[in-house]
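First chain A sits with chain B, and in the next complex the same chain sits with chain C.
Right, the complex of A and B next:
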């Protein structure tokens, strides 16, 4: 395996042999304007900007004069659709052209003082910045801000007028819960940070923004809670993000794949969520969240394997029930990985494992089946996977049709035609259902590995199955996510953190944060919070 | 340093249990019961004493040379050439022991579950899995072990409790029937298994708290002995000494008899499945010791290139053994004097004495 990977590595140089000082040149031609600054002359500036934004039909240029004073010419530039039109109209154009003369009648404003005056008394916009760099100007225009140029000044005023049509906050589709917040992250970064801030009203919640993607210039934010988070982790996240030099970031998956520690592993080592309450809980345990503009999926690191078997609801329901459900989920994970392989091993090699009546029943069903059990299971598994994929890709109104056909074909026709045994259908269906009980991104890893184990099991029975599991176990033990062992707190064992793996301790008994994640600030809450009736409560 | 990882004391305890128990629980009961009949449990207690002494010996020796493995301080103590000779002998012993472990492992699986599969398949796949763990280093090996060994230990305990239904305490009588000589003879084999703790010398340098090495070694030995003791008691109390002595794998048979309410039965398959993980771990530890030792012996900077060649040698060595009768005979008669007197007690003792005489190494903490 190693020998096959080596040439691949040479062809796709990854971490380590990356040329450190790779040029920062954009992959686009004509980038010479990037270092230029504005000139005092309005016409020159406009000409230059128009040249850069040539054939960008969505950019709007509005030239007008300040306070009906022909001396002071202004130009406003914004992108139609990205900037809020009413805001631009009311608070910039109208305010500067009409309202200022009414507010300060008769006052003559010289050309030199115009910029200062506009900033102090003219604009009704709250969020303004100024810049003299052409690069920033272009960036501002294209990200929805409107830029005001004043004749005679080589400084532009950037007005925060971002306001585009976006999807409303809706229910999380990928992580539904019975109890808990119904809000989901959306595609707009600002809305997402607001959703986080609404849950954590603390000055310690820090949100830092970067721009990534040489062409897309996507806003990427990292959020963490100062005082809880491990400072080294923040530094590591930042350095891994800054390493990214790609032309586009269209989804957080791009970032995930570029900051992972184990790019060859089938298991994800960066978790993602679309639920703000879950993201907030992650932050409160000392993790770092990475929010990417344009996607509702927020990344959280470091990631432990057990997270995939947990649900945000686990902390909202009573802990006894949660523990029971978690046991169910852990067993389901095991089933989704091994059940078909176990079935193959038992039916083809280890008949003694089954009670006699069950064995006879299965043998009876399989009498007419023309294939060996491995082929039978493999075909059924592939059919199931096909149906599942079709169910996702099909236009929604057609989804119904697929499930009907699937149920009929798999459930009835195949068995009646004698192509597969009914027991095989039960095994495959149960495996499929079991794989839906835990997080999707881990279940796809299990789906892949299930086939590998099936092969081993068909060749070597139980020994093959166990060898496969051992190999997966060894692989999982060797994984790390941002320095934290993937299987912790189980191995290496941190006793106190076992409170939240299978067993979920009651909230009043969770005194500490995960030890390997929140290294510096372990203490979550005081002890002795257990609610008690007034008679037995200690006095004072 | 060849190995960057560090393991904690709990992982070390579990690793040493894995180092001894998985095959000990298979073959040791029959051999011990053959010698000492119903007094076999006394043999185990005697062997435990010996095991604790050996544990003390190797820990004492290792702690005089903090951060160094057997291969490094053997040269420091004896000088370059004699040190190399000792190192070479230990590499041989690790390989030989590992080949025997593979033989036990494969012949057990063959006779218990898969009689039609050629043993070489078990050798190759078993070594391949272990190689995967060894390549990833001590840390991953001990984590893997920590993940699965508790399952094995827990399941074994549950099965033993379920088997109490069929036990009769009177089968342990009369006590001390065969006399002290028989008991001591019976103790030789378990002692030679417990003495495999000599591999701990390869692990001590990588403990994150080397000061706890004594505790680790003692606890691990006691744990292992406890399981050996219980499995022997269970086997004798269910089948009596005569039947137990004639079986090859009495513990496996003890698990087989468990049958409760026509539902909780055929536990042996689950037990074997979980036991296989222990087998991988045991092979892995010996494999790791051999590979790390060879790398140090050859003065390499990295032990990973040696993983594959050593694996091939292991498969070839394991394939030398003809059948299970020959294997058990070797384990019962030749193994205790060979392993116990030379590698587990003899050489460490010589090393310690010479170290003391020549004033090598620190005082030991």
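Right, the complex of A and C next:
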């Protein structure tokens, strides 16, 4: 299949992803400054920076003199909106221009000592760095830090003053749960790492930051727990991330598509979550999380197929109920994949499979319907998909209207008009509902494959349905996510990990981590944690 | 690369060209619910089918608005064979005749006397009809039977099917009839049915009161020799047959009340089992039949207090006697009047005396008719219901 596509790819070189083909620098003009360093002269530096940041109206230049020695000119550069204005004003400008003489009265500072003095006693900022590279200076300005240039020094002080208006932490919209943390990741990387750190208070939680995207320079962090994670996995994640040479990373989906092993598969092999508690649980099982600045969706790898049928809530509710709900979810997944196809196969090929009364009832409903059952189901499925898409795209206040109209059109009018059988509506509606019981990204794959299987079963009956399922099964068996078989722990069978597939073992019985993921550190907890009544009971 | 492309193309084309092979939309089939076969005087066979009219089976408001429309259509055609008749039928039925949901196969009395084997052959050989069609013989013509109406079920075929499923009579499905036809150790017997007057459906308007309707009902058992009908058992003997065979241990036994013999007590059989033990010394053939039943007392006409161990004991022995009487009635009719083994004594004998069976099997019916059969019944009463005494019984 992939080979079949290759010639196509050669014809559209822009779409291919050959790192070698691409020039190392992006195609932006004026990239020559990147290797340059600062000069000791403030004017030269300012001129250069202004030239680079030409027409960037949001960059603020503030030139002032040092209170301790008016000979020393300073310049502060930051981006308006990205840097915290009060911080910049109070702790840099005010401190250096007014307050230093109060703290250190009567001290004359020579030009040579100025930089050191400012760093030591002048600035009230905690997070400062210094650099002499022009590239770092520009980077710092554009990422919300403020840069202080001191006349006579070819070194700039980078003040950590990041602080922009960001969305508050809210409830997870895509993964709602009844029980469990209500926090969701937000668009700010720092907040997200903080959310993770809050849950895992351990020095072993490592968070490494990279910059990806030639133009966007997006911060991308990988998080893992040292000692649990497989070191090779971390190395592999890093190498796959470093391979990425694209101009922009606007969402974690960009990364997902560039690091997955099976780009042609309808099934996602990189999981994502917007719940910090889920991400923490993934890390604790030995996975690696990839956090991207600008999106609340955090990627986790390796990804197993069963993850999509699990919910974070599964571990918060008691295990008996969880197991029952999981059985329901697995059945729903099967239903959402096969029910319309099964209906088509039975109604147009295998009449003998239905009980007589049911067959007659369906036959009665279909009596007035002008189309073959396949067309009927296909039309209804497409209608349903249209409604679903409209429901997502429409401005929220209108969503209600769509669902009402949709329900009326599908449910009532179509049946009344004799265009569709009531049984078909039931099948399509139930299929739709069943597809909402598990993770959205897997349900997308199922939605696509549902249509394929419908075609197969319309042409070949149950034989087609079963062939389709067999093909999907074979395909799933061949998938891997970062080296871990997609269907594990079921295929290949890992006995001990079946504790958490359909059946969710009680927490006190889950004393190992997934074997194929956390290979090197299997032990999660001590055995024998099962709570029991005290041995000596009070007599009474 | 090209090879793969070609392969993909071929795969796609095979899917499309072979597509929808043998597809059969529900609106293109005529679903047969019941089949009847009659023997015509000119030696031809008349095939009658009851076809469902699907429109009548929707529960929706549409059907309600149109009132209760007839749920079935009965149509017949003649031919030398079933298949020929079916082809003639196809000239009148605008849809493909579909046998997969046929519930009953009714043989007219004349047809059954001529032989069932030639009828059942088609239903076993063809792929569509199921093995679990209920087979029955009607007194009279199968066509008349299928043309009846059912007040409770949608169609008379379904009504007859449900009657059979209740195991009130000796219910036989096609596969079992085939088994009985093939075995020498048992002669076939199937349910006998007839068209009966069965109640009325009252209307609010008394003037419009509908006339009593002819509906389907059970009428005992049809007894065969080889594959030809030779006689009937009435409902009383049918129970005896069922108990002797150990099938469907159900039914009610009426015994006289111990203290007041002119008043009756009803005992409903709850469960039971039957064992047939053959004994053969090369000459003399004897069968021990051990029937064990448990029943509940459900009705009492007398005023005496039956909730006493000794009375229960008496009831139990009366129950055993009554059961034996009815089993003997069936047995005697089979042995003396028809001379056929419809109980499967031959199979029981075969299982125990394999070598001797070889000599006896070809004249088994004669041997069976001469055989001595001892019936021993062990009856137990488990419950006496929610009452201990009949209301108004004076203290003794």
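Methods note: the second predicted complex is superposed on the first by the 514 of 540 C-alpha atoms of A that agree within 3 Å, B and C clash if a C-alpha of one lies under 4 Å from a C-alpha of the other, contacts with A are read in each partner's own complex, and residues count from 1 in each chain.
The rule we apply is simple: contacts are C-beta pairs under 8 Å (C-beta built on N, C-alpha and C of every residue); 3 or more make two chains touch, one makes a residue touch a chain.
Small disclaimer: the values here were computed from a predicted structure and weren't measured.
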{"item": "Touching partner for A:248 - first (chain B), second (chain C), both, neither", "value": "neither"}
{"item": "Contacts of A:359 with chain B and chain C, given as first, second, both or neither", "value": "second"}
{"item": "Partner chain(s) touched by A:463 [first = chain B, second = chain C, both, neither]", "value": "first"}
{"item": "First (chain B), second (chain C), both or neither touched by A:215", "value": "neither"}
{"item": "Which superposed partner A:37 touches (first chain B, second chain C, both, neither)", "value": "neither"}
{"item": "Chain B versus chain C as contact partner of A:382, first or second or both or neither", "value": "neither"}
{"item": "Touching partner for A:491 - first (chain B), second (chain C), both, neither", "value": "first"}
{"item": "First (chain B), second (chain C), both or neither touched by A:348", "value": "second"}
{"item": "Residues of chain A at both interfaces, chain B in one complex, chain C in the other", "value": "349, 352, 460-461"}
{"item": "Interface residues, chain C side, partner chain A - complex", "value": "1, 4-5, 8, 15-16, 18-27, 29, 31, 33, 52, 54-60, 63, 98, 100-101, 103, 128, 130, 154, 158"}
{"item": "Complex interface listing, chain B residues touching chain A", "value": "7-8, 10-11, 109, 113-114, 117, 121-122, 125-126, 128-129, 132-133, 136, 140, 143-144, 146-148, 266, 269, 272-273, 276-277, 280"}
{"item": "Touching residues on chain A, where the partner in the complex is chain C", "value": "1, 3-4, 6-7, 347-349, 351-352, 356-357, 359-367, 369, 372-373, 415, 422, 456, 458-461"}
{"item": "Contacting residues of chain A [partner chain B, same complex]", "value": "349-350, 352-353, 460-467, 469-471, 473-475, 477-478, 485, 487, 490-493"}
